[in-house]
């Protein structure tokens, strides 16, 4: 049982305990602890890739798919921590606990990804959520931060309750919490029986809760407030790692235990997806706050992912995977840039703070330009290909009207991305923006990837096809 | 009508009553006390369901620790007793409405009958002894060992977060910052003033 | 002959290009280049004309240079050498040469001396392009280039407000005609798949039967084409209702008025119809239309000349009226007569204009005849030249104008076109009146010039200005007599014009010969009217023995050019402005841009602003939304399953 | 055939140089201008080489470069040219060369990136004209927005923010609908290659919807009435060179797209709707001419005139539908007319925008009333401008005439009314073009507040080059016809065969 | 035996009561936290009941973990509450609306 196959999680768990202890003794040398954590993550990611698991704990899945996703998460965390360290350091708010809590949350995401039973899933989600509650409230001096934290806490706990209620229903009507057994059970249930209805109810509860975690409309309501209230470094974490994890949870839940219910959840997901796209686009239109705007943009992006997933086809699955990875890339870049730009020693708050950035910091201006255009889905950037794949999947499944609606929303959403570009490039107001570095190689690579992968989209396409193929291997 | 049913009816109606009190009472202390009552009542009902260990845990952990924590916070924060304001009344019908809709949706469904459910493939049920605690302990440390470990992580996280969130240096404490002492330059301290010649 | 013709044609173009390159050289270069190039053309056209007649050549159509030859259409530079084009080119180049020579002195004080010659040379080239064209595309190109040079020359004085509005108007009105011409051209291309005159003449009959729908009516394709082409001619030759640009074009330098707006360009329409006479002969109804247009123009625009006071404008209206005669002749299928009048008119009208120019220069750019008087003594040469030109214009027996004009009137009457005949007859009277009006007012009475200049006989004007007057007098007075008989016998344009037999029959049965015609004319009503006109004007303008008050209403109508004046000056611009503003402000900006486009974005924006309020920030609202959504999903599922 | 990938070079050379210029702000003004000049010149030379090596007797696609781009989706990196593409590529490289020459004397803040964006734009335009994979086409088509957006937004006029956003969203709106059609077609065809779409059999309803989507997409780009309102705003705010490239090349993308997509794919629907579409074109020609007449801003006037001239292009294209059964020759005339009109308008509008830019330099106003009596001070310039205005009003002997003439001929082949209405443009275009000349160039400007002086040598070179080409195309459009003939013919025959 | 539905209905009522508690409450965040506790209680009820019905221990194991997690969660929640109180000097729900729009 204690084989080394769940090494990344174990490494991180044990390592983080060590860091907590070590940190107590070398309180002043924060950089050392930080390096230690980064080293841990690198080690874990190394093992995540190299160790090909041979067999599995019944409620914990190991596969190429999960290892790859974990690897991506770890790399993401590495980058995020890199930004975070410098950002917090600059804001004089650096505590090594921030990283330890983050790492625990990271473990939570990994558990979610590997979870093969509802209990494990619940624990993973909670580990992540608890970490996020703390991280959001981390900026103790800020009213907004604590307000956001308490909001997220109450709503998050409520959604946990809903999740649990759903789980209990599923457990009650199938007699198991193991994905595989649930799947078997559901496939043998009569479509018209009461039991079936109960399972559907349970599934809806779970869906609602997961959509909440995902930030999909109409369960998105917390997203903008929380994005705005928390530190940028928390926002960047919040908008990337949990999304990927929840996405994988979605995939695994819907494509393993609930696959026979696809005819029901596909409609729900499509509805939720469209609602997210519409709400994300429309609400974002008049936002003044940068993080808030990006939050709505995230909602709309999540909508694309869910929509593609709701198609229950190979190309839909492919598209959603593609979109998720691209979205994470883009979010990493956009928030990453914001961590580097500060105004009056605070993080960038309003879009108008960015006015004239192109004159004072052309490097960052170009980065934002590319990132925003990619988010808007303008070719040849990678964001375009992501949207293209989703729309193509929609059309291949004859959802023409929906696809028209979706592209119209894309046009609307393009407006607010353009507004940012407009502020940066076309306005010459004086600003007090300062940056603590002239450039950042990681950030540059990240942004160049948005362009490069857009010109060579087949790289990304091959990766996702591979991921999808190994995912399908497992689920069927 | 057997004794079990009577117990159930009494305790469950009490439970509902205390629950309503929890959410409606204007004084948070009262709410907390009612919540404690609810936990007690639940523990009894859980006993009826044969979950002895959990009912003990509920009382020990919840009433003993969590609810005390709640009360502690109530005291610490020195919160005024809230008045029932107009908004409360305004939203009450909505609350009742949702309450009813939700209940109709689910309760009707439950009433419909929960019997005759056909479970095809239930995995093995690990019952090794009569004792609920022993059984629980067994599965916890065999089948659910990984989850158990994770629960440990969660608790660690809880501790860590609670500390990091609430801990603050007392601003009244006077202490020296050695780094700043070392960093001092002469010109920061010494200011040469050219005086007027007398 | 071909090579010579090419040189003839190219010479003014080369002149233009050379002039373009010597922008900053002295005036001498400009004078030399421009005049010599035209001189070459002139001499060559006379020479080729001589060659043509002496060697009894037949008309030939030569494609010289192909620019584009695709199966769809071909654009080539071609020459149609026959008596018609050669005679026309002789007229054009001779008038052009004289005007060039005249201009040397007329324009000597102008800063843009060189530019003037660039334009005139270019104009001559364009005109020759029309004259020698053997296909419609080349015709159209020449046609437009002529319009362009006219545009540039009218607006030659770029600082003069009236001039630049006049050239704008002239170009636009010409464009109206061009629409007709272009449509005709396109139809030709569609129907015949060629634009070559000869090819079209050959297959005209087979195509004639083709019908085409225009606004629901069926027309013969050929008639439609001819009609459209004539609309082009109407604009260029200033026929009602597209005549109103011509008086305004008098804002240009006077030599230009002589060259372009009297002698050459305005006759391009006449020339074109004559050139296409084989086609026009086959049409039904179009010729009648032409006839009526012509006679209406001749009569009514002559009347307008009566009430004008600007010397150049009077002559301009006279030009329109005379062009009406030519058009009427075309309409009566008397193509050679039309050409004849074209030729004579070119000379005497050019002469009139040059005289006017001379007067204007002498009077320091005073053009109002009420303020000019008594120049007979001061400008004897101009006086004489003007006298001869006027006699020719009014058709005094034996002059060129007499032969050409009387023949047209008599022939129109002879062939039984009563109403046009009457209008043409009456217009003799008006012609006489306005001509005498200028003549008497300008040359008689008390001299209007300051005393110092009055007695200065020696310098009437520069010699360069007077020489052309001398030279032009000859053809203006005597040319008619010389070519009348051969022309009427159909010898002159034998091969080029259709329906010569009509003219010939008229000649044989009515005219007999020129002398007979001269004698006979004294007995006709024409002469009576002319004579009455002369008597009347002698007493009215010279003796001032009586005064006629024309009713104010009629006077107003005539002065306003039957409303065309207001139409062109106020209504059309105002309508266009109003329509434009309406379309721009009300439809484009208000309806489409603000109404549809910006409103959409505004609606979305305000929608966003409104729905944004749903995000209240209160936890209970948030939880309410989440729970409601959950319940909604549950209800939907409950209903669905 | 050449043994090197000439199209890829044409596409990527300017893009790469442009990116370098954009990213590195270290280049000085003069060196960046020199680099741009050299690059555009090189591209121009290469495109001439392309033109020379192009075999115009063969209707096949030439210089094909086809690589798998995204294998799973059958998306190809598929560059090729036919006659239509070659002509437009020539136009693009020529206009860009002129812009490089013109811009060499202009003074802009951050000039190296300014020029860089133009180079990127050039590459993308060439890519658009040579892409034969629909997604590749779409990518180039959409990417065009980015550099232009920045050019107008950064170096534009007062109201540039509004104009750029409007321009961007407007065109984006059109193109996303088009994208849906492309995806739909690709789903049916199983491939994204444009030529594979031609052989699809679509139901009538499908065709109508696809046609409408394409019509909106390309109609906005070209732009057609009533979706033209972005153009005047964009033009007014754009810097001179921006206006030039926008008017002379970018609008052509719409027409090109119509010929590539609309004509062959949605033939039946096109025939059904042709009268409405021709009506729209006629509205563009007449209505917009009136609107142009009312303008007080020189650039707006020319912008509206562009819309009106593009009306001829769309009309020529849509006439093909109308004439397909009736009169194939006239259809061919119409399509060639449309193509020639595109090229010619590219030259003439470029010239006019250059002219306005030169005047703006002195008067700092684009309003007609602020520019007065220019001819007194700038005779050569005025002469050239009058020439271009005349060309704009379709004077025979200039290129402006040929296209209009062919389209009107074709229209007459369809119905007299169409021909007549189209021909009215002769009057209307003259009325607004000459009004501009009359009010701006002529008149007596005693005071001369503006301090006009004759334009600089590089500007003279630019304008004279345009004069030469306008005249050459007007007098001897043979080479263009030869280039286009086979391709146009092929399109029409393939449509006819497809119907039969 | 008491029918299983009774328990389920009871738990559902408590669940709904707790949800109603979240949005009826206008004043005090603490009560919200207590409502949440009530919610988890009802869910636990469900799990135990169903586990009992199925004769399966999984339900109870689940409840065990839920109790653990909720304990940790309440700790964090209360900590956040304290931070909030320090910042705002109030834990009124109505004061929690700086983030909106």
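Here the chain labels run A, B, C, D and E in written order, and each chain numbers its own residues starting at 1.
Just so it is clear, a residue touches a chain if its C-beta (ideal position, glycine included) is under 8 Å from a C-beta of that chain, and two chains touch if they have at least 3 such contacts.
Just so you know, these numbers come straight off a predicted model, no measurement behind them.
Considering every other chain in turn, the ones in contact with both chain A and chain C prove to be B, D, E.
When chain centres are taken as C-alpha averages, the shortest distance to the whole-protein C-alpha average belongs to D.
Per-pair counts of C-beta contacts peak for the chains B-E. Once the centre of each chain is set as its mean CA position, chain B and chain E turn out to be 7 Å apart. Computed from the mean C-alpha positions, the centre of chain A lies at a distance of 27 Å from the centre of chain B. Separating the centre of chain A from that of chain D, both taken as means of CA atoms, is a distance of 43 Å. As a whole-number value, the distance joining the C-alpha centres of chain B and chain C reads 100 Å. Of all residues in chain E, those touching 2 or more other chains are 8, 15, 18-19, 22-26, 32-33, 49, 51, 53-54, 56, 61, 65, 69, 72-73, 76, 79-81, 83, 96, 98-101, listed in ascending order. In chain B, 91, 94, 98, 102, 106, 113-114, 119, 122, 144, 147, 151, 154, 157-158, 161, 165 are the positions where the chain touches two or more neighbouring chains simultaneously. Along chain D, residues 169 each make contact with two or more other chains.
Each chain pair that touches appears in this list: A-B, A-C, A-D, A-E, B-C, B-E, C-D, C-E. In the complex of the two chains, the chain E residues touching chain B come out as 1-10, 12-21, 23-28, 30-31, 33-35, 37-38, 41, 44-45, 48-49, 51-57, 60-61, 63-65, 67-76, 78-83, 85, 91. Residues of chain E that touch chain C in their complex: 19, 22-26, 32, 93-94, 96-101. Residues of chain A touching chain C in their complex: 151, 154-155, 158-159, 162, 196-197, 200-201, 204-205, 207-208, 212, 218-219, 221-222, 224-225, 264, 268, 279, 282-287, 412, 415. Residues 1, 13, 17, 20, 57-60, 95, 97, 100-101, 104, 107, 111, 119-120, 123-124, 126-127, 130-131, 133-134, 137-138, 140, 173-176, 178, 181, 184-185, 188-189, 193-195, 197-198, 201 of chain A are the ones that touch chain B when the two sit in their complex. Those residues of chain D that touch chain C in the shared complex are 166, 169-170, 226, 229-230, 287, 290-291, 293-295, 329-330, 332-333, 336, 373, 375-376, 386, 390, 393, 395-397, 401, 405-406, 408-409, 412-413, 415-417, 419-420, 423-424, 426-427, 430-431, 434-435, 438, 441-444, 475-478, 481-482, 485.
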